[in-house]
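Attaching a single structure in structure tokens format; questions to follow.
Read from first to last, the chains carry the letters A, B and C; within each, the first residue is number 1.
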């Protein structure tokens, strides 16, 4: 039967075995360590926020697809799950459910689907959602619950400031960085493990690095963006710290606190919104690093990773244009 | 209060200064343009279809104003009506042209022309025809992937899902020729629209020998020459096993239609014949709207 | 030390199913259909007519221009017709159809298996014999060999590179030929060296064929110290001319240029064998080694088949067409051409016949581009396929030129690697065709 009608198509006739769905699935798997850490430190609240965010993102994608695009549903590619999880990672664990749903609507509806769905959005959807919430609901978005190891009771936990906010406030009040750190309830090793206040997915540098390793091994991301971003932050803050150790925090503090690791590994490396060439990716990473430090040190907000990534997202088309690969056999005009 | 006054005053002064600067720059860089170009352009359909061979309607308007006579210029989309108005604007004489229409010269629908293989590629006739002759036995026939549809600015052509062939709308087609250029198999031709939209044409492009052509498609022109003999006006010629009806010479007598053994010659928009039943009349190439 | 080209490339599953199967000579079929255009350039002009008695090796058609090649009969018998027949793309082209009677060859051809080693001293004589024998590049493109062998004035070809990479998955015809005819190949290489005046010859072989590397190195030592066998890391598309030169000599052919611009001539290993046979055995190119292979093929084989044999006969020898076959490819899976019909003949460039199963025949479902930039990463020419595709989608044909679309070697790495299942190469080909059309119309 098959022989009566052979299939004819252009070469190649062999295809690689990667697909969008597989890539997204691996991103989800890479986020699991950070997810588990958040569940350990923030209890059931962390799971609640994640589930609401994922469900809302998937639902909005399905709904918008159904109403406006009319085509086959794209929910199956799992990109909405990734967006939902990233959004959840970027908010405090005690965020009310309705704010999460608004965030999901902004992420999927405005940042993603209004541009035509996966692949067409210029800005990272989860970050757009997060920044929207940060500006609209500053109080709820910055009251961070204190970490309580393995407390699974759904009680109203105490809230406190993040290390970044404590340092920013302290330096503004004229204290020296050393003094602030000596009063800090958490040590650097606590920060590395994740035992500090903050958005639920950003706390543990260790878990995020494990996730990053998974992504690197699966070749979903390359080293260029995370390394250039973290290195530029380290160098910039290192220089500042050397000039005036009292007024500026040291590089280790900057690298371990806030959304630095989450941003470098999962947000900035988003394929859709990052440059195409390695050279461009390095420019992109360095840009994010510098803007982040500028905001953290001199800006009004204690944290600047999300703004920095969104600003650099806007420059991606320009960076792509600047950093064309050198073609094979191209003669460079002198 | 003081703040508001200050703000308003500064903004007003700023606005005034900028307005003066803008005015001066506009004066300096003013380009003189013949006002008649705008007038001519207003008479054009504004579809920028490129049917006149010039870059857009503005380009055509400029060419009209520059030209000494309108003899070689014609807007197919606007037709004689638009041209006579343009002639009025420019004080010249418009050349009347008989209206044309795009005609699809392939009748190999799904049931008339069996598929011999499965095409698995991008939906582009140009791409498919680069790869091979097509998913049927006929190397000259319509691929049905719709390159003509995507280039049409007037929505005058669509693919009929039942037959898999393009259908041209009598009322919407402006004979701009975009589909003619887009078709990699040269199936679409601009022909005279004809009196009362009546047209007769050979709906086949197959140049293979009769038997081979017939085998791949039941309504193929087999090059038998019966129509050439039947034609009293020498309007039909036979080349490469394929008959072609010259629309300038054709008097629409319909004799050839009757003689064609494979029904490859199509007549359109004629009243139904009295003797023969109408079910033989081909349908599908054009629609009246 | 293993070498490779530095940027881009993919690693498709090798699936060399017919590896190690010795070359079996296939008897002539009942009728052969010999197309008159099996090469790049002008079709050959037929010099026989219906009813002529023909011997194998007899000239059927003369080269129709400088870039063209002679066509010889592969069988003995009677010319049944000289007419237009569908070729592998379904379009009609001139073919000579011969009804086979017996197997008589032109008497000048040396049919013995004796090895001949006498290399003619006059390069022109070698070139003339190559042209006479109608040899074309046997790797797939089919560029007439004598044209490549004519080094243009002002250029020198110091290096002859023999392409024995066989980077296409599945195919093993070159590999098997190297194992069985190593002496002949090395002499063929020396003949070509002589013809173009190349001091050095390099034979590039990927290291998934260690036996071939060792065997050819041993044989090469016997004859000449100027022939180097170069092992290469396995990476597709190393068999591309420009990639091979880059891998072996680290020279980069300039954009729009030819290998001769960097002092190289690249020839396929099968061509080297054909040159040997043509020059020293007086045998025109009328048979070639073809791998018949595929995942569900009962008995994958390497066959020595006459040009013009319908591919269905070759498949029969390999155990017939399996039930689940949905696509038949003339060539390898990466650059081969899918055929619509199994009656198409074997030509000078048919290196393999690949039967693809239903499961793998259809392309993956297409999603939106997720801008992962893998296509740009694997492109061996450092192009940006995603960008070219977007430009083609909006018909910006002229803008493709500054993006070097014409440098695309159509290796298919981009389509292979795309996780969104976008057939990028389809779009790029469309763009190239349209751009070329515009450039041609500008010239005239």
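Things worth noting here:
The definition used in the following text is that contacts are C-beta pairs under 8 Å (C-beta built on N, C-alpha and C of every residue); 3 or more make two chains touch, one makes a residue touch a chain.
Just so it is clear, the structure is predicted and the values come from calculations on it, not from any experiment.
In this view the innermost chain, defined by its CA centroid being closest to the centroid of all protein CA atoms, is C. The largest tally of C-beta contacts between two chains is found for A-C. If you average the Cα atoms of chain A and of chain B, the two centres end up 52 Å apart.
Averaged C-alpha coordinates put the centre of chain B at 42 Å from the centre of chain C. Centroids of chain A and chain C (each the mean of its C-alpha atoms) stand 49 Å apart. Looking at chain B, one finds that residues 116-117, 120-121, 127, 131-132, 135 touch two or more other chains. Across the assembly, chain C contributes residues 340-341, 361-363, 423, 426, 429 that each touch 2 or more other chains.
Residue positions of chain A touching 2 or more other chains, listed in rising order: 6-10. Of all the residues in chain A, the ones that touch chain C in their complex are 2-3, 6-16, 18-20, 22-23, 74, 77, 79, 116-120, 271-277, 324-331. Within the complex formed with chain C, the residues of chain B that make contact are 116-117, 120-122, 124, 126-127, 130-135, 139, 208. Every residue of chain C that touches chain A in the complex is listed here, in rising order: 7, 10, 12-13, 169, 242, 246, 252-257, 321, 323-329, 331, 333-342, 354, 356, 358, 360-364, 367-373, 376, 380-384, 386, 404, 407, 410, 412, 415-421, 423, 425-426, 429. By the touch rule above, chain C contacts chain B in their complex via residues 86, 88-92, 340-341, 361-363, 423, 426-427, 429-430, 433-434.
Only residues 5-10 of chain A touch chain B when the two sit together in their complex.
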